[in-house]
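Chain naming follows the written order as A, B and C, and within any one chain the residues start at number 1.
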Amino acid sequence: MNPRLAVWIVNGLLAGLAAVSLFPLLWMVSVSFMPHGAASTLPTPLVPASLTLENYRTLFGSIGMGRYVLNSLLIALLATVISVSFNTMAGYAFAKLRFRGRDAIFRALLGALVIPGQVAMLPLFLMLKPAGLINTYGGAIVPAMASVFGIFLVRQFARGIPDDLLEAARIDGAGELRIFTTIIVPVLKPILATLAIFSFLGAWNDFMWPLIVLTDDSLHTLPVALAGLSREHVQDNELMMAGSVVTVLPVLVLFLALQRQYMEGLMAGSVKG
Amino acid sequence: MTRHGAAAWILAGPALAVIAVFFALPVAAGLALSLTDFDLYALADLSTLRFIGLQNYARLLQTPLFWQALGNTLYFVAVGVPLSIGLSLGAALLLNARVTKWAPFFRTALFAPVVTTVVAVAVIWRYLLHTRYGLINQALEAIGLAPVDWLGDPQWSMPAIIMFAAWKNFGYNMIILLAALQAVPHELYEAARVDGASARRQFVDVTIPILVPTLVMVGILTVSGYFQLFAEPYVMTQGGPLRSTVSVLYFMYEEGFRWWNLGNASAVAFVLFLLIFAVSAVLLRFDRESGRRE
Amino acid sequence: MPRRATPVGCEPRRRVLRRLGWGALTLAGAGCERTREASNALHFWAMGREAEVVAALLPQFNARHPDILVRIQQLPWTAAHEKLLTAYAGGALPDLCQLGNTWLPEFSALDALEPLDDRIASAGIARDDYFAGILDTNRMPAAGGGTSLLGLPWYVDTRLLFYRTDLLRAAGHAQPPETWGQWQTAMRDIRQRGGARHYGALLPLNEPEPLFALALQQGALLAEDDTRGAFSQPPFRRALDFYASLFHEGLAPSMTNTEVSNVWDEFARGMFAFYITGPWNIGEFRHRLPPERQGDWATAPLPGPDGPGVSTAGGSSLVLFKGSKRKDAAWKLVAFLSEPETMQRFHALTGDLPPRRSAWRSPALADDPPSQAFARQLERVRAAPKIPEWERIFQEMQLTAERVVQRTQSAEAACAQLDAWVDALLEKRRWLRSRTA
């Protein structure tokens, strides 16, 4: 095949795919600045004829989106901090420490990956009621405090740490926990960053569980609030797009800023090795 | 084997405790629930709870809506998974090609939909698929095709959701496949080229065999994820029109949280788990067989 | 990898963050509940448009009771049922709530509602000021025998005929029909004059209310103290046969409401002459029909088998939840919203019809002919069976009717199948009854 043709075809296809991927997101932003009802005219506008902030004003004013942003932020941050801590400790333990039942437990964890989380949701809901965690931030965070995927990711990465490093430290008389905090954690920084991004994204985007466990609308996270809005304001598309922008923008920004770590971590954790 | 016993349990303990208490225990409780007739009456007064063995499962198999939900979900998986993986593979190959310019930009652009919130983008797509004002129909009309009532016609509602899911998810598998592609040693391609193999031969003989294990893993993950279809029908169609987008999980949600038949709902959840398990086992067996053939 | 030298004794960030995390978690979990209680606000859940509007009525309430703060939470109708049941299961119900009166049996079975008889008596609210059929929907069996009122009706909803007066007159009928027979004749005459694509009535196949009203006019739908289906019995069969005959004769199109592009446009164009719908359409008809059509429509009570018939007893009630810690304050809000003047203001804002006859004395209602047909119909309404499972049976009934209309199944087979399904659904109710007997 003519090399120049190949260049055009390959890059053309990629450009086309990129356009398809990005177009809905760009249009979302565009419509959010349109006045009410502008998107329901023919032909559907791609760019606002007149820019307006009224949708955002309504969103943060009478609908009180700010509250939902704070809820999402708080829950996602707490879930991230806790799950990164727990997953890192456990991932290292499974990778480098020897203890009774280690391999059996890890195989069981892998098996648990196949079980859809929703199987646990209903009974978990009933379990949390006597614990008083229904309709609290705690209830929303609790299932996200550790994950098999996170442990797996850290373990994959930690296995690459040379054993001599650890042996040398042990010979020097350092205890296991000290080794973990002073040697391992700094070495694991790249994967910690990836894990943090994963956890934050997962917690921010989580929908079904917060939908179930948070009944008071003052505690709703952004996805839940947006779903409620979409059923209430079916006709008001410009407002809905503004709501989508507010929900999606933080994670997109986070992703763009840290995409290298995120994708490297994803690739590292996925290659069989 | 217990050299590091105490320290290991301190490190692994919290995570394992969380998983045991907030996952394993509810799953076991769910299994138990599925063997009872837990419903609204039991919610009010636990003494009305009865152990009914496998009756929930038996009744489920006689519920037409359950079969419809199963059919819808299988349709979604059977069409959506190959579509999504096909797109991912194609995109990964394109990104990996030597002639690609600005690969990092394309990689980011193609991955962006993955990190977005399903609810938020479902709202966007719901409007893109609007019969009159949706841009998709306007694009169809521009090239001379008739507009489609995507979310109002039972025949087109699931294809609409399949399109949306493919758009949202293909970037994820693309990255995984890209990693696998980039891990293929160049020497293999060199050797094949020296042997006179064309680009297509190289692809078939070198790339594909190396990709198969990753493809199987990607396949299992995607199938497992696609079986858990819920947010899209919840936001875009509420299971309609005419229940054509009721997925197994949506059915479970309605049974459990709308009618409060927790016994039934738990049975549905377990059936879903068994389904995913069975399909994954089949795919894994396929992987092992193909590996043995090498 | 170079070994990073860390000063001995330096507390790793991870541990600090972890402690912070736990601290914040406990605070978040506990703090949230505490602020809710301490705020002393009344939590009032309402749905849809009513939630938006009730806030406008609050200033007058606040003037009378400045110490009571009211927090309104708006729930979309499509999610309200789940949210309420989930809240009950999670112990997170509000103090008072707007509850569709078909949901009262469920919450009564859950023993979640506070009986209101004493409060109504001591507040001097006259029970017989309420439309009897509507008040009856709130009456549930009480624990110690007898019945008690578990809610106070807030607004009512029923279904009756909206029709094209000009088409009816042109077909030779001066008055709206009062019996099924007259209705059928009128529709036949209209169809004959109109020709193809002109029907007698629009009865969307996914709306159960019209069939339900016809069934209520004939008799009981459940038997043996609401533990078995009676859909194969003559009363429902007569209603179903009449309903299906309208489609089979071509007097009504086999469509769902999503297939009709714009029901008001079609009504204006004369696609159908009769439409069974509710009070909100009074305002909608005035808004959406073109000015030249405004003189050509009217409302009339539903025809029954042998004379004016009963209709559905819908609407919402205000309920207090037993678990509330502020029942007295919540009752004050209920009493305020139940005052005739407040109901009239509510009607002006939403178009929802008041459940109290005294509230109907305002000119907006008393001098409004379309609303007056509702007033007459409201004297003839009958409640749905008061069992928690009714909502599901209601929907299954319509799916059954759809099959009969589409001729996918004969009426006998369909009703037998429905009865079998209902019997299976009500099995637990039968078991509970036999347990307490």
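The working rule: a residue touches a chain if its C-beta (ideal position, glycine included) is under 8 Å from a C-beta of that chain, and two chains touch if they have at least 3 such contacts.
Because the structure is predicted, anything quoted here is derived from the model rather than measured.
Farthest chain from subunit A (centres taken as the mean of C-alpha atoms): C.
When C-beta pairs in contact are tallied for each pair of chains, A-B comes out on top. In this assembly, the C-alpha centroid of subunit A lies 39 Å from the C-alpha centroid of subunit C. With centres set at the average Cα position, the gap from subunit B to subunit C is 37 Å.
As a whole-number value, the distance joining the C-alpha centres of subunit A and subunit B reads 16 Å.
Multi-chain contact residues of subunit B (touching two or more other chains) are listed as 257.
Across the assembly, subunit A contributes residues 85, 126, 212 that each touch 2 or more other chains. Within subunit C, residues 78, 86, 89 each touch two or more of the remaining chains.
Within the complex, the subunit B residues that touch subunit C are 37, 39-41, 43-45, 48, 50, 59, 152, 238, 241, 257-260. Within the complex formed with subunit B, the residues of subunit A that make contact are 1, 3, 6-7, 10-11, 13-15, 17-18, 20-22, 24-25, 27-28, 31, 39-44, 46, 85-87, 89-90, 92-94, 97-100, 102, 105, 109, 112, 114-124, 126-127, 142-143, 145-148, 151, 175-177, 180, 201, 204-205, 207-208, 212, 222-224, 226-227, 230, 237, 240-241, 243-244, 247-248, 251-252, 255-256, 259, 263, 266-268, 270-272.
Interface residues of subunit A, counted against subunit C in their complex, comprise 74, 78, 81-82, 85, 88, 125-126, 128-129, 132-139, 141, 165, 181-183, 185-187, 212-213, 215-217, 219, 228, 231-232. Those residues of subunit C lying in contact with subunit A across their complex are 1, 3-4, 6, 12, 14-15, 17-18, 20-22, 24-26, 28-29, 32-33, 36, 48, 73-76, 78-79, 83, 86-87, 89-92. Contacts from subunit C toward subunit B in the complex involve residues 78, 81-82, 85-86, 88-89, 106, 109-112, 258, 388, 392, 424, 428-429, 431-432.
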